[in-house]
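Each of the next two complexes has chain A plus one other chain: chain B in the first, chain C in the second.
Take a look at the complex of A and B:
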């Protein structure tokens, strides 16, 4: 405070920035990509418009409309118009059939018609939920059958109230056209029963509601908006996903297990070999050339063989992480081992240290800070194998979500999982990096990570508080 | 000494970690709607009730056949045609339970500008070579007086076909549900120009088991067949539809309403119907006739070289015992 030094320029060759400035830049390094992504996602000039379905329907024409569109799907304008027209046509055909009287052939058995009608009631759920007339969260505490009885009942009653003009839904949730259709439907349904009764359901098909949608900015499915990613991520993590429970926490643990076991086994095998190779030229020549060759062979190419040897569960996956990490570990650690100061070795030998002692008392302690760093980097390496590993045999862990939902273009479910993996790897690395300064205070530290930066800040704050008190 | 002992024990623990399954029989099932139906028996605990120690492993279709080929499974859900391909590759199997025949869920899907199969001449088609989609595509071509030389096949894993069609790299793809549905949804204007409903009985979906386990665990497989027909009865009862959809959709992780049409595209065979299908006849109404046609197709188009002894791949006796 009170110092009148001229401010240091931000760009200076070969000089470190002040801690405060590094901190600001570090935050920017994260903010920038997020801002760019958000800008593209929210800026309408990059995207067209489309209708996000609030009421979906199923046209009879299965050739033109082979897919099933559900609530929330985004449809381009001309597609949406075609979709609406198809349903109007279906309704017209139905009207014509009803005009034929008792002779009419509806093309479905009474039983199929009842199940058709039930589906239409079921598809009304989003409208009910939006108007607070039905709470889907009761599903968690209920058996499936009673839950649906409740849902059908709520839809049935609401249709009755709409038809008699008692129920006023929120503006925009139901078009005039659909209101008329509901009136027609109610006339049919109430001819059998005024309240929902699965045994007394109208046994001819009722009219379909015309699809409705809100015109919205239509992002590509692989470019969901940040708020959508966050919302889906939260729903998926807490088991409230629209796709049923995705078991994210369990899968997360499975994935962690693969990475850490793989890494651990690689260390168990690799470290002794690397120490030997780094210490004795004999082992170096014996081990390193083949390892060097082996690391160029793509590990995933062995996946079928791994299934043959290790079955289809976790083992082949762990084995792949080992295969992918081990050669690098051996070469890297052997190199590090060779970095021990020769004078230290000479001195120890002069003092009569034998080979075993030399390794355990001189070499290992000598390289420990570097070894620690190597292993940290190699753990990051192990993470990169995760997704490929989990595809082997029976798909497992977080990869199953990434793979299965990715192929259906549900990227709003995929990105949270990818982010989870990224955050885990990053945070682990940062924690390990900050431990390094604690474990080896004598070793020079290179870059400062976010966590060590945060520690330093807290430490400073603490110190300044002490000083003032 | 102690340390090394601990290390060895740790290593042993690692080796056995996750080897999990101690179940007597291990069967892989994948996302074909007819096989997803096994999930009902699993969720309801009917296998346990029937006293059979069996584990169903959820896998990708081709991965499950690979795992069967690697000798890691007792049984695998395959189509009758693919069982021949797997058998020719050195791992024969015997079909014991016919789940369904494909009735539209296998689709040849083309982009907007391709109105019919004939328009595919000279175009690229993304499909998984040597497996069901290949067979369907060849059938579609044959029906339209064309052959494989009229098109260019881009070998694509079935689960990756939607994104390949979307990329515009091909004019058509061939896939089954839920992959075909994803493609139809993601590529506006795309539609199915040929489906398995145009050739019902070309593809039967079957539980195939190893010849050894069939002999050794025969009684268990009969129990499995009994559970299957319990599942069939459950599915045929309209009152169970909501619950069934929840279970099935929950397995493949799609919305329940989105799953419903899959049921129409997969014709689950009732006990009476399946008895007819098991009869030795020519033509697609019999699994023997259907398999014979698959066999001829496979030889004709070089999927494998020598015609196979199809009788070795089918055994109706398990189903017949279960339905007694």
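Take a look at the complex of A and C:
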């Protein structure tokens, strides 16, 4: 069946690949960088391991372990092992003391022992809240003392349930070792009271829980894993993160406003000038040499001047985008205008068209498809000025998130914002590019973008469905 | 052995043809060119493109300008259109000196010059609209001209949807819609394949037969020149100058069968002599042979 065509080579000078192959490569072009990033992010050989504490503890040795260890604290592997060993040593000492019987000196008063025991109950809080047995948000509405009473009570009860084997904790939230410790503790605690009562708390120290932690790849902070970026990005975008005032959607609108407003103003000033320069040699000689010079002065160099003139809010930022885009716009569009087909101008003149009609009826419609392309490219330019623009005066927009979060090493907040800017610019460009074929069906189309490729695929699918039905 | 036909003198005219030319020259002159010259300035000095070119074109005449490439044919027709200026001499249209391009001289170019963003109808309407006619009238006129060139079905098509021949038919309709005094055609069929070209020649004669229009036509195709024209102006090169103006002794109406009549062949032979006689000057064959 079918004709036996020799397989087309993938590599051939000056030959375009088939649509299908182009599509595959287009997808690979995005997939490849993502895969490389993911590989580096998830591969431990680049980073080693670390433990993020889920159950913290306080070793007696305050010299080696001087920090305050709380839930979420990250430790390298060997430090974590030593940390666990320190607690086990503390417990062994305690076992030895209990074996001495009544003469044992625990080194603390009954009062100190009770507060030690309370602290151990308190350190059980992460396990409770992870299993939905305690709601820490009530802390905001309660006085400190009753809150802790509630917390101690919940921990006390849970320990009792653990000791009698009735509890249903999520798998992995408590190690077997710690279960045994809790059983031992419960034996001690329940000898005084089956329920929590601050007056009737066991007055000798109980055993400490061995620290537990989640084993993780110890990535550098500037290299968050893809899943972290996606999760954090989603939280930021939906307003569920701790960014608070730095709300991504409103910041995004601010940034869009700067870019599009700046671009719009640049067009308003630049297009008439460019059109004149492209049409009349007089204006070309008058406008273009200085514009050509001006574009070599970097727009950000004017930032302080712009702030003095326009104050610190949106205006200087828009002005900077205008300053950065305008010279390129004038030169580019003037060039495009000059490229209008001379024979078309000749023909129009022999049909009676004069200066005004030539511009409005031949030059403008003649360059429109190219002008559209130019403006698309220039909009991309406007995007590149955004970050610098938003840093001048009062920081604003998405850049403020990048700047403030970046300074705190919260790069998992930074990456989603950078991606958002990239995606916006890219998608806008692709949409505009695919509109071009609709707006100017007579103009030669350029290389196919992702979107037009997707459209073509959908169209094909639709067609084949129609054919089969 | 093949027989070589004895061709008559191309200047011999049958009584019908003679009276046709007598009648033609009694008509008013639409276009008068008096000792027109054009010098271009270039970094290497001045280049004289045209020198002392004089010609008259009569009402409803079909005149062809023929010559080697680079002899200034295009410069001449652009001067007539007003797209180029003379550096000496003058050009009169209906006795008045021309100063620039105008709708009284329609032009059809070799390349396709339809506005790609306009439909066929809007292209033909372009000149009418520029002249300030009412929209409805423009549209009615345009449709008539489109019908005349046989493209009624394509009135709403865009130029990129048309074949080369169709595009040139629209270009002719567009130029004629302005009712110009003279239609200037700069190698309009040069880019077409032989078959389409023959069709277009027939079309053009048909249109010219029906419409009162004077045509000045540029070509480098000798047969095309003889087949279409009343008179042929042979332009010599370096600088462009009038070599001869030939009155074509072939009777009208013209038909493709006339390509092999004695008068036709005699005229073609004369053109060949005029145009190709100067060719060997440029190529020194003795030198080329000497190389071997």
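Operating definition for what follows: the second predicted complex is superposed on the first by the 303 of 469 C-alpha atoms of A that agree within 3 Å, B and C clash if a C-alpha of one lies under 4 Å from a C-alpha of the other, contacts with A are read in each partner's own complex, and residues count from 1 in each chain.
Just so we're on the same page, a contact is a pair of C-beta atoms (placed from the backbone, for glycine too) under 8 Å apart; a residue touches a chain by one contact, two chains touch by 3 or more.
Just so it is clear, the structure is predicted and the values come from calculations on it, not from any experiment.
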Between chain B (first) and chain C (second), which does A:308 come into contact with in this model arrangement: first, second, both, or neither? first
Under the stated touch criterion, which partner chain does A:292 make contact with: chain B (first), chain C (second), both, or neither? neither
Partner touching more residues of chain A, chain B vs chain C, is chain B
Touching A:442 in the superposition: chain B (first), chain C (second), both, neither? second
Touched partner set for A:119, first chain B, second chain C, both or neither: first
Quick one: is A:346 in contact with chain B, with chain C, with both, or with neither? Answer first, second, both or neither. second
First (chain B), second (chain C), both or neither: which does A:180 touch? neither
Of chain A, residues touching chain C in the complex: 341, 343-344, 346-353, 357, 361-362, 365-366, 368, 440-443
Can you list the chain B residues touching chain A in their complex? 7, 11, 14-15, 17-21, 28, 57-60, 63, 66-67, 70-73, 104, 107, 109, 159-160, 162-163, 166, 178-182, 184-186, 188-189, 191-192, 238-239, 241-243, 246, 249-250, 252-255, 257-258, 260-261
Name, in rising order, each residue of chain A that touches chain B in their complex. 56, 58, 62-64, 66-70, 73, 75-76, 79, 111, 114-115, 118-119, 122-123, 144-145, 148, 198, 221, 242-246, 257, 261, 264-265, 268, 304, 307-308, 311-315, 318, 391, 393-395, 403-405, 407-409
Interfacial residue positions of chain C with respect to chain A in the complex: 78, 81-83, 100-103, 105-107, 109, 111, 113, 115-118, 126-127, 130-131, 158-160, 171, 174-175, 178, 184
